[in-house]
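Each of the two complexes below includes subunit A, the first together with subunit B, the second together with subunit C.
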Partner chain A sequence: MLKEVNSEEFKELAGKGLVLADFFSTTCGPCKMLAFVLKDVEKEFGDDLTILKVDFDQNKELTAEYGVSGYPTLILLKDGTEMKRLQGLQQKPVIVNMVKKHI
Partner chain B sequence: MAQYDLIIIGAGPAGMTAAIYGARADMNVLMLDKLAPGGQIINTNEIQNYTGVGTVNGAELAYQMFEHTQQFDTITFDYATVKEVVDNGEEKLVRCEEDDKEFTASSVILATGTRPRCLEIPGEDKFRGNGISWCAICDGAQYRDKDVVVIGGGNSAVEESIFLAGIVKSLTIVTMLDLTADPIACDKLRAMDKVTIYPYQDILEFVGDTRLEGVHFRSTKTGEEKTVNCDGVFEYIGLTPTTECFQDLGVLNQFGYVEVNDRMASKVPGIFGAGDCVTKNLRQVITACADGAIAAQEASHYVKNLK
Partner chain C sequence: MSVNYIFEKHLIDRQAEAEEAMLKEFEAGNYTIQNPLVKYNLYEVSPLSAVICFETKKEVAVSVTVLGKTKEANIGHTFPKAKKHVLPIVGLYSNYSNKVEIRAYRGESNVITIDVPDVYDGENPIYHMKTTPEYLQDNVIMVSPAGLQLSSAFDYAGDARWHMNVACVFDIKRLRNGNLIMGTHRLLKMPYYMSGLYEISPCGKVYKEFRLPGGYHHDEFEMEDGNLLVLTDDLESDTVEDMCVLIDRNTGEILKTWDYKKFLNPETVSHSGSWSEEDWFHNNAVWYDKNTNSLTFSGRHIDSMVNIDFDSGELNWIIGDPAGWPQDMVDKYFFKPIGSNFGWQYEQHANVITPNGDVMCFDNHHYGCKQVDQATKNLAAKDNYSRGVRYRINTEDMTIEQVWEYGKDRGAEFFSPYICNVEYYNEGHYMIHSGGIAYDKDGNPSEALGAFVKDVGGTCRSITVEVCDGKVMLDLEVPGNYYRAEKLKLYSDGINLELGKGQVLGVMGHTKEFDTDIPMENSGEMLPESCNARIEEEIDRFTFFSRFEKGQMVMMLLEQGEEVHRYFISTTAVSYLAMCCGTFLDSDERNTRTSVNKTGLSGVYDVRVIIDDKKYETGVKITC
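Here is the complex of A and B:
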């Protein structure tokens, strides 16, 4: 599943299973291209991975809570615990390998 | 192993245009990129000189170009980091880092572009990604109402400085020469009240203990040294070609750029170059697209002659 969420929805979904949080900005080019990559990542994992997209500018408290200072930032959560963090536009194989290690 | 007429390495404007021209010339095309399509333009907030589109966001233009390539059934896109191209005469072998992926084709276009150059001075590694950035539109927001230094005076430095000046508390530009960007952009930047410019400086060191605290530099005219305190630095001091994986092909010049003729052909038959990674004077989206068109056209002539 790939879904854009607000802070409340994020908190509801982030503690369940394997979640890849994508903190993005609508004004950021690398964020837009990461969205392109994440669509392919979603196809690869199907129901095994939930991808939650969080608008950095609309969810300031949540980004502060997770210590996100720049974008795009990817945080992999397993049952709510941070397993890995990647900053900037990432290669699809890097994201896929990171997720596979925690499935 | 899949066999293609043409493999394009790099899916920026040059590579995507080459793919479209290659497909229209009846070639079976594989386009490879280690990241998403787009190349350097995804880091550009506004492109204002691509004929016919007025002002456009770089990532949006990249998306439109990619969607254009997907109108052709004969263009395949794959994520791969190429580690080597081997010239076996009429067959070119492209080796990738991922899972030992390998592809072969009759012709190859090298369109891997460039990446930002680094200063390689003390403190740079320490604060890389944590105080020092190369992308204002990615990391600029975290410096809202803070003090920022931009290093460089070319088009990228000046354009990104204008963007940053709207966010930060103070912006200091330190450059090795004077501002060398388009005069209109330089005048706009000079007129902004938060901006201080130090031309003709050698950048000596990034200062700070656990976090970046400032930039130390010395005037090349007077020898006077100065440290400007700041929370963040953006470096725009030029580009370096992303061509290391083509080293063994013998097509690079001493600076690492792919040497091509006016038909975008390298000295190795069947190997072509396009976009920012080739020897040229003007590196723009529009010239990259033109290179891609010419390279694909020449590749199609080359492949047809083989058959």
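Here is the complex of A and C:
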């Protein structure tokens, strides 16, 4: 599943299974590119991975709670616990390898 | 056409054409000592040089002397006997009507004039040089770029006597044959990864370009057999500045590779204050020690100097503050300090092994502690210092003693958070180059790296000191930051100028592509004029320069039928924690440059560009 969420939805979904949080901004070129990459990543994992997109500028409290200072930032959560964090635009194999290690 | 296109010949080709034309002119004329052919800056990159040609009736040795503003500032050389003389003139003054004496051995002489324009465009390249002609003699102190100021060399009086007008960045060293080795001016990848190295004469003639698949950064080292150790990258890797190669001096072939991830685990190293996941090691120096057949690498982002066996690549020891390292690593590889006056180095540069096995470096002392201790021990620039330091190590009982330092007492005025070097000349005789000093707009010592100082209205400078038995023998202060300093004579006892076309050796690597496709039809529209785009093609690559607005999603495509190669172009400002060379940073952050090597590509490609939701034409085709 790939879904853009607000803070409430994020908190509801982040603690369930393997979640990849994408903190993005609509004013960021690499974030736009990462959106295409994440669509490919979604196809790779299907229901095994939930991808939650969080608008950095619209969810300040959430970004502060997760210590996100820039975008794009990817945080991989397993049952709500942070497993790995990647900053900046990433290629699909990097993200896929990261997820596979924790699946 | 909205995209300008030029094909730029390689510097070596241009130099060969200029040299050939000069030799034709020489052959066609009647040039004598009294009437020599003079070619100012023949090789186009060394504007304080010239080449003169003349014939003598007999084979005779000839001395040339650039007459100094004082007698002690003369720079000259005697060349072997010949009838046809093609001689390099180096050590000319900028903005000056230079007098050059040509004198045949026991024969005639002449003084010619070579007028040189102001190569510094009205800027003064120096604050002061304090030394004596007896100490410096006809040596110069050469400084290499870390910012907008390009390479220069200064004599005892503080006059610039050598300069390069292209950005050959990072280290400059003299090779045993008399030539210089330095980074090329061909930028492979931002912020400062260059195509390789030039073996070059002080008069600017490039004999060889050693191209490397992963490019060049920071440092190189000439082995006893002439082969070169070069710091490079693995362009396919997600990390940078953690690889070294040994290359064949004659062919440019890579003979051996050291990948630092094989002897250190990036996941468990202890971080310096400037650490990042991509640039986890930040290798800024390599040194080969024949006595122990080992390599020592300086890793700024782990606050450590790491020694490995040359043959096996196995880790021998690590010099650095052990805080934050795994205990088993500390127990096995780290040293225990002894003696009353000891301090660890932080974010150091330019490690050197002395003849007796001591380890020297420039201790930038940035942060004054490791990242794990920053909450309690961090030193601000105003309270910090940098220094040259020499450690004596005992690899039997794993103890370390500090046996010399210079700079700590000077405090913040000598503090450089990045770059710099030390040189060992003899026991007690050293150079300490603090080339990364910065002040904020209010004149307070700053931690800002040189490339970013001007953004906050500050200034930067470099101080180079030579000490002999504790006494300061030379003190050079120049505006701007300079990566390293090197003392040498402009003329050497080896090659000073060799005629003939230079060689382009080695290979360029495959430029990393972006895997993900953005499905989009061709719009048929040309790239907007507002992009101010241009493409510069060379023999082995091309570079796309263009301006985009912040936040735009941009991808350059090379398309040939169904074959597509994708190169993502970031339009987001990057926050760099390391910027050892800010020479290539653009003052307008909207301007981008993307270089693609032709390696791995074949045929004729259309260059197209996606900006957000539209694919544009450039009208340019690249043949690979």
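Just so we're on the same page, the second predicted complex is superposed on the first by the 103 of 103 C-alpha atoms of A that agree within 3 Å, B and C clash if a C-alpha of one lies under 4 Å from a C-alpha of the other, contacts with A are read in each partner's own complex, and residues count from 1 in each chain.
FYI, a contact is a pair of C-beta atoms (placed from the backbone, for glycine too) under 8 Å apart; a residue touches a chain by one contact, two chains touch by 3 or more.
As the structure is a prediction and not an experimental result, all values here were calculated from the model.
Q: Assess the superposed three-chain arrangement around subunit A: do subunit B and subunit C clash, or do they fit?
A: Aligned on subunit A, subunit B and subunit C clash with each other.
Q: Classify the contacts of A:M98 with the two partner chains as first (subunit B alone), second (subunit C alone), both, or neither.
A: Neither partner.
Q: Who does A:M33 touch here: subunit B (first), subunit C (second), both, or neither?
A: After superposing on A, A:M33 lies in contact with both subunit B and subunit C.
Q: For A:F56 in the superposed arrangement: first (subunit B), second (subunit C), both or neither?
A: After superposition on chain A, A:F56 lies in contact with subunit B alone.
Q: Just to be sure I read the superposition right, which of the two partners does A:V19 touch: subunit B = first, subunit C = second, or both, or neither?
A: neither
Q: Scan A:L77 for contacts with subunit B and subunit C and give back first, second, both or neither.
A: Neither partner.
Q: Which partner reaches more residues of subunit A, subunit B or subunit C?
A: B
Q: With the two complexes overlaid, spot the stretch of subunit C among 166-174, 184-192, 292-300 or 328-336 whose C-alpha atoms clash with subunit B.
A: 184-192
Q: Touching subunit B and also subunit C: which subunit A residues?
A: Subunit A residues touching both partners: 25, 27-30, 32-33, 36-37, 40, 70, 87, 89, 91-93.
Q: Quick check on the complex: what are the subunit B residues that touch subunit A?
A: Going through subunit B, the ones touching subunit A are 34-38, 41-45, 57-60, 62-63, 66, 79, 81, 98, 129, 133, 135, 137-139, 141-142.
Q: Going by the contact rule set out above, which residues of subunit C touch subunit A in the complex?
A: Listed in rising order, the residues of subunit C that touch subunit A are 238, 277, 514-518, 548, 550-555, 568-572, 575, 612.
Q: Which subunit A residues qualify as touching subunit C in the complex?
A: 25-30, 32-33, 36-37, 40, 70, 87, 89, 91-94
Q: Can you check the complex and tell me which residues of subunit A touch subunit B?
A: Touch list, subunit A to subunit B: 25, 27-34, 36-37, 40, 56-57, 69-72, 87-93.
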